[in-house]
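Following this message is one structure expressed as structure tokens.
Letters A, B, C and D mark the chains as written, and numbering starts fresh at 1 in each.
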Amino acid sequence: MDTDIREHRRRWLAQEAAADRIVSRVGALYRTHGVVTSLGGRRLIGLASIDVLGTITRTAVHPDDLTGVDRELADLELILDALTEIEPGPVSLDLTALSAGWRREGGTDPVRHLRAALDLPAGVSPAAGAGEQRDHGEARDVVLYGFGRIGRILARLLITHAGGGHGLRLRAIVVRPGGENDLKKRASLLRHDSVHGDFPGTVTVDEANSSILANGTLIRVISAADPESIDYAALGIHDAIIVDNTGRFRDAAGLERHLAAPGAGRVLLTAPGRGAIKNVVFGVNDDTITAEDRILSAASCTTNAITPVLRVLQDAYGVDHGHVETVHSFTNDQNLIDNFHTGDRRGRSAALNMVLTETGAATAVAKAIPALAGKLTGSSIRVPTPNVSLAVLNLELETATTRDEVNERLHRVAASSTLRQQIDFVAEPELVSSDLVGSHRAGIVDGLATIVRDKNLILYVWYDNEFGYSCQVMRVLERMAGAHPRVLPARVPA
Amino acid sequence: MDTDIREHRRRWLAQEAAADRIVSRVGALYRTHGVVTSLGGRRLIGLASIDVLGTITRTAVHPDDLTGVDRELADLELILDALTEIEPGPVSLDLTALSAGWRREGGTDPVRHLRAALDLPAGVSPAAGAGEQRDHGEARDVVLYGFGRIGRILARLLITHAGGGHGLRLRAIVVRPGGENDLKKRASLLRHDSVHGDFPGTVTVDEANSSILANGTLIRVISAADPESIDYAALGIHDAIIVDNTGRFRDAAGLERHLAAPGAGRVLLTAPGRGAIKNVVFGVNDDTITAEDRILSAASCTTNAITPVLRVLQDAYGVDHGHVETVHSFTNDQNLIDNFHTGDRRGRSAALNMVLTETGAATAVAKAIPALAGKLTGSSIRVPTPNVSLAVLNLELETATTRDEVNERLHRVAASSTLRQQIDFVAEPELVSSDLVGSHRAGIVDGLATIVRDKNLILYVWYDNEFGYSCQVMRVLERMAGAHPRVLPARVPA
Amino acid sequence: MDTDIREHRRRWLAQEAAADRIVSRVGALYRTHGVVTSLGGRRLIGLASIDVLGTITRTAVHPDDLTGVDRELADLELILDALTEIEPGPVSLDLTALSAGWRREGGTDPVRHLRAALDLPAGVSPAAGAGEQRDHGEARDVVLYGFGRIGRILARLLITHAGGGHGLRLRAIVVRPGGENDLKKRASLLRHDSVHGDFPGTVTVDEANSSILANGTLIRVISAADPESIDYAALGIHDAIIVDNTGRFRDAAGLERHLAAPGAGRVLLTAPGRGAIKNVVFGVNDDTITAEDRILSAASCTTNAITPVLRVLQDAYGVDHGHVETVHSFTNDQNLIDNFHTGDRRGRSAALNMVLTETGAATAVAKAIPALAGKLTGSSIRVPTPNVSLAVLNLELETATTRDEVNERLHRVAASSTLRQQIDFVAEPELVSSDLVGSHRAGIVDGLATIVRDKNLILYVWYDNEFGYSCQVMRVLERMAGAHPRVLPARVPA
Amino acid sequence: MDTDIREHRRRWLAQEAAADRIVSRVGALYRTHGVVTSLGGRRLIGLASIDVLGTITRTAVHPDDLTGVDRELADLELILDALTEIEPGPVSLDLTALSAGWRREGGTDPVRHLRAALDLPAGVSPAAGAGEQRDHGEARDVVLYGFGRIGRILARLLITHAGGGHGLRLRAIVVRPGGENDLKKRASLLRHDSVHGDFPGTVTVDEANSSILANGTLIRVISAADPESIDYAALGIHDAIIVDNTGRFRDAAGLERHLAAPGAGRVLLTAPGRGAIKNVVFGVNDDTITAEDRILSAASCTTNAITPVLRVLQDAYGVDHGHVETVHSFTNDQNLIDNFHTGDRRGRSAALNMVLTETGAATAVAKAIPALAGKLTGSSIRVPTPNVSLAVLNLELETATTRDEVNERLHRVAASSTLRQQIDFVAEPELVSSDLVGSHRAGIVDGLATIVRDKNLILYVWYDNEFGYSCQVMRVLERMAGAHPRVLPARVPA
């Protein structure tokens, strides 16, 4: 027994040491070459060693096989060393898949294997050619118009994903004129969050320049009552994507006002758009974005949670019709205690009630998957939790299936398909909503709850309606900016 | 304008005076003759004048027609006067219906009309023949075994419905041995409730006799670890119905232990029973109760909420299959903050999470409506509200229908059918869960939320999972005791 | 045992019948003669019989002495009969005290006793002389400017206390322009409340006149962005008291804008006033109100809760210095989830946090009790409950005392002094905050928690920061209107 | 502007790279030499690079001086390199202080400076002599008896602080017999937490050995109903410290039952002990622990929060008398919704109420600071938050002081005294309770709220009543085990 205990300890210490080395390499590759590494869909950049280890174990084929974990660590080190040698340009690499592929092919020369996988003939370093680009980059300016729940999480994501500064560059946030300590208060709201915890890193205030400096990103705070009163260009901001988080404008006429501001280039609305505005759910219809689209919407959190899953189900079984009931955390749009609200029931105390409300989230799915037009209805029940929601999809499929088949398909999709960033699959008997705070995925299928009877499928999809949604918005932003890196290995279509 | 104001005031004062008189008559008829009066399904006994007025207005055909309300009040007074003259025996009378019937037939001689409606030839007073019975009564002893949320609400109902003492007679509550101030603590829990408010009336403690005296009902508090260790007979309790609220025993073998106690007659479990135990949903299958049934279950709160509605829908349209998702308030079975629990997910903090759990409530419907066997699935999502839940019925019907048709049918059923005590129908645009605390019905249809597309119906049914359910338990108890009074006018089958 | 049970039941039925009769008389005296009756400080008007009984028992000297309760009921009936005979004018009568006084003096001729107590020589009916006045009354128009938490409770109080229409007459509420269903929405907010429950009575909407009719009170709903844009006079409203519940204006300059509106007479602010505005705590300094005061403040809920108690303590022991820590329910001024707020910490989620904030409530006490100027400090901790707060007074007295002495004094003050409407005293071992929702008093001393060590006193004062405070505002309103009825028997100075 | 932006980015990338290197060295020093490094009281081990950077900035003298941060990073690297060369034995080093000292002395030869600071003559490596010890160590077995909120956090701390395995070694947890999936459920409760988030690392289950393996620590899960029924020795556990988290036993008689189990050595109760048991508040009276103390108590969370602060205040100003009001998060000892509880008020719904209760936390201070015997009173108000509490100390001092003086003193104490692990000092205008989840300190002074008037001081002390307290328990455990490492630089007495 005592031997066991020491053996386990010794092995753990070795694993920690390996994880420390992995963390170093992951950071260097990111900063120097713009390489974004992930394991089974989970981004590694910025993680502590212990979390890297946790991720490896969770994504291992046999998490209880300690020898397997040792080997996986060794492989990862080899792969990362090879990458460091190759110096690839900006690329998003899933190490789990790369390492599995390398091992499958014999596991002999990682540099050679990776060059092949990356389409780099021996001797060619992409860094060489891409050096210029890497130096002054193609950084795209981004402005957050509105600094509420979604605005602040987007700020955190833009700051922590700033990398070498060549992708999206958060340049300004626009807020309504507040008061004396406005700048400090905005910085404080970025620093602390009752739901998501403290900002990882440092936030300081530069009163003289009305700016916040966060982890090396300098952000101008602009007070303005209206979009057209701002001159971004005068602040050195050019061709910026304006991300509207206010919910104040929903149609083209309103959102076009942003484009009247010098320095504004495109607009992304973080809410469902009205009229002809394209509603983009990343992973499902982001390929419809064209250079001509000056105004886009990233749809709603609920639409993002369910559309990728519906894409999979529609393709596999066909959806005859269905209903989506989303049990949703309260949002700041509701009231603490009963008070006036223009929307039905939404004025009643969010802290004390279940509040049944209408939602367009289910019908909006058809904007991304036209085949579902007219097939879905939806309602929402707001409940007193501050974050994370649960969509219950009740679908009549066109083809009968079984619980195991649906679960296996979604598990597979979550592990390795083109929708792996959008869909997660969990089967944990003790899972509850708060466990999913901070999930990067658009939706997380709760496999243990799936019910199937012939053509009738009831599927439970959790989502962090703040963080998971903001990650989807980020993906749309990257695509709009052309900053979405090449992804390797190529994902299998879902 | 000023004239209007005075006229409105004058009319209101007259209405209040009339309501005061109605309250007096309602009380006297109840206490002296055991007459239970209600208006459109809402019991009048014990209400304040203002609430009687509120009820009249709400149940009026045209609530805004003030002259109509005046006339209704006048009619009610006439009807109540006539009843006082007739002296009927114990009977449950819906005054709305009686008064409408009388008016329909010309509104001339209320005494004659009522005698006809009550099947009493002129000159015969049921009181005469029933006098003996009314004097020493057929009071049936009841014991509450367990004094948790349901036990305490049942105590409140038994006490406030005790009337002349001829129906159900709460004789004892059985609790686990507590400590020094046990009796006072139990009395206090009866007196105050964080959700349902203060007990209406007075609760005092008689330490010498280990009893609580509540509104004239003397209740023995028995400390016992096990059912068979109690001698009810020695306390003068005979042939009692033991209401088991503990959830400790679920099957016949366990519940039979209650019958081993001298003085125990029958057992009613306030939870779903396992095995061969009949699960009774009042209004749906209470007519299957026989004198031989010594052990019965009143099913669960959710089953009570949905079964009456499903009865109506099955009869009208046929149910091909369906799923019931109930968004449920937390219960004391869960934990405040994460801790151990034998059930999956139920150990996680109920105050902080949505907790997805299994429920047998949907499949249990088939015990009351055999035609639905195998047709329904169900799940439950526990959320951080303390009371009132919402069942979402997603049904594929056998016959297509429309939203209006379903709503009209359920509205009608709620107003005047045999299921009018079980089903309520509301169409209030600002309704939220806390508005329904204290509802007497098993389930309340939220008509504004109903969705129908051909054969697919999504129906939202609220329920006070504590109070509404306890009212259903009371109805089963009354039937078990033969204490359920004659109901007039006879309700139209749903 | 069985005899006991029947005897208890029989007695209870008789008590209920007596209570029914008492309710009738109480209602008639109120409506016809403007007589406001109460028992030990608890208003009887509008109560159900059962609650009248509960009140009698709770206010009885020996609540467990059932014979005593019987006698009390009989006495009350005699007193009420005598009052009905005497026909007194508008007066507020505490029946507990009147009945005790009558009994003390021999309990022989209640009419003679009451005439003496009411200062009415035999044969004189105040009704005779006051008839004229009673007919067209001295009703004072009241306008609620703002319809938030406090505004809506004031509306409920004004409506249910409207009586014969001779005191305060709610004529209008002013709201910010809302939208299409504005009137219906305001009516709905009056009808339902997640904390205080349903409105007692009926609320209907008169769209044509932009009015709400509630229990016979016709209320104009005025949409206005600014005070001076309203013409009350054109709506037949004259010399009205404008109750400002918006918190938008705090100083004389801002509040005077209300007086610019034709028809406005005086202004009462339901928040602490700034500058020279008198802060009135009813029961403590309402006697400083003069006819010249056109703008008054009713101070804050916390100031109202603690000032009466501090008045008593200052008079009895002298207060050297002290600190008031109030643990306060959240208010709509805070945010559901973190968001911007001009005040420190108040922007952070009220539903998830303890929020430490500054409060002027303790220093504002000196506006009502100048002797305490500079002696008190205060802070507030907002916590996630929706209503009812707890002030912890930590005082260094000038004279040493004991726990028993302080408690006995405050118990006495709560029972019979001039501050009996302001101060309640409870000693219930299981009391928690939700039990006090709906308390009419400004503050409720929790006697079991009192700590005294020599000159150091720690006193716990609960308060319903919405309802109890609104009752205090009503009292100020009545005094401003000269509508505060004569109070009998005269209260002993605290 | 654009230059600024790039310059900031460049600097940040360099800082991140430096932080990565620091993380590697910190991990290696910990694992190989048992060196625990911290910055300004915050432990560095296991942190992500970004959090190391955040900590450096927060602890920097001028957080906005970016050049200063650069220099600090460079210094830290030098210091860590020197330490790696020196190979010190197990020691706890505050790098902020070490680096400042080295710079003060000229900042020339870090190895020489550190050797001096560590009392190591040149050429001597402690590792050499201590090698034997480092290899098989003096690891002390620890058993967690009870696995509730505190038990689980202690498990997390013991596992993540296991280091090279030479200090405290968590060998077993004892739980009440649960059911079929007991082991998996316990593992899951360790893995997920609704308040503290996911376990950092990996938790797997070894059903065959009834063990959990967490980050290399193998933990036996023992099901037992009573302490004396366990044979730890048979499981290879010897002379273990049994940490009783059940709250079931409070006095010596009860706790001695643990010592009856073979393999048990000492007992530590994580609750206030009754009778003669020593209540230890680490930092204040842990020096009174002797080898003879077989049973100790770590006092309560509240006592731990306030005692260190009271120690400082008593020494500086003298405390004449005072009262402690603690506004406390609910705990699992309370009920979700009203139900029976032996304690007054504690049975009432914790999720819905403020619950005023007694607490011995203030009087228990005297067990650690005898001079305060009889001088303090205390009460507790439980409110609906799940974690973090706030103690309000209202003290009459013997010497007058000022707000600034008190705050400066406590700030200093928190930064560098012997109580720096116990006391934190914050002055953030937007701070609320949830920001302090996960604080390692016993209590955190909220400097902005401090009130002083002559001798009257009101001080606000936050505490994570779960995590902060558990850290204090860990410190007592380390001392009991002799595993508390040497601390350098020596802290200045508070």
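By our rule, a residue touches a chain if its C-beta (ideal position, glycine included) is under 8 Å from a C-beta of that chain, and two chains touch if they have at least 3 such contacts.
It should be emphasised that the depicted structure is a prediction, and the values quoted were computed from it without experimental measurement.
Common neighbours of chain A and chain B under the contact rule above are C, D.
Set side by side, the interfaces B-C and A-C show unequal numbers of C-beta pairs in contact, with more at B-C. The most distant chain from chain D is B, comparing centres defined as mean Cα coordinates.
Look at where the CA atoms of chain B average out and do the same for chain C: the two points lie 34 Å apart.
Here the spacing of chain A and chain C, counted between their Cα centres, is 53 Å.
Looking at chain C, one finds that residues 185, 189, 192, 194, 347-349, 352-353, 384, 429-432, 434 touch two or more other chains.
Listing the residues of chain D that touch chain B in their complex gives 147-149, 175, 178-179, 185-186, 189, 192-195, 330-332, 334-342, 347-353, 384, 386-387. Every residue of chain C that touches chain B in the complex is listed here, in rising order: 1-2, 4-6, 8-9, 11-13, 15-17, 20-21, 23-24, 27-28, 31, 46-51, 53-54, 57-58, 63-64, 160, 162, 164-165, 169, 171, 181, 184-185, 188-189, 192, 194, 197-198, 200-202, 204-205, 213, 215-218, 235-236, 428-432, 434-435, 437. Across the complex, chain C meets chain D through its residues 321, 323, 325, 327, 344-345, 347-349, 352-356, 377, 379, 381, 383-385, 388-390, 392, 394, 396, 429-434, 446, 448-449, 451, 453, 456, 458, 460.
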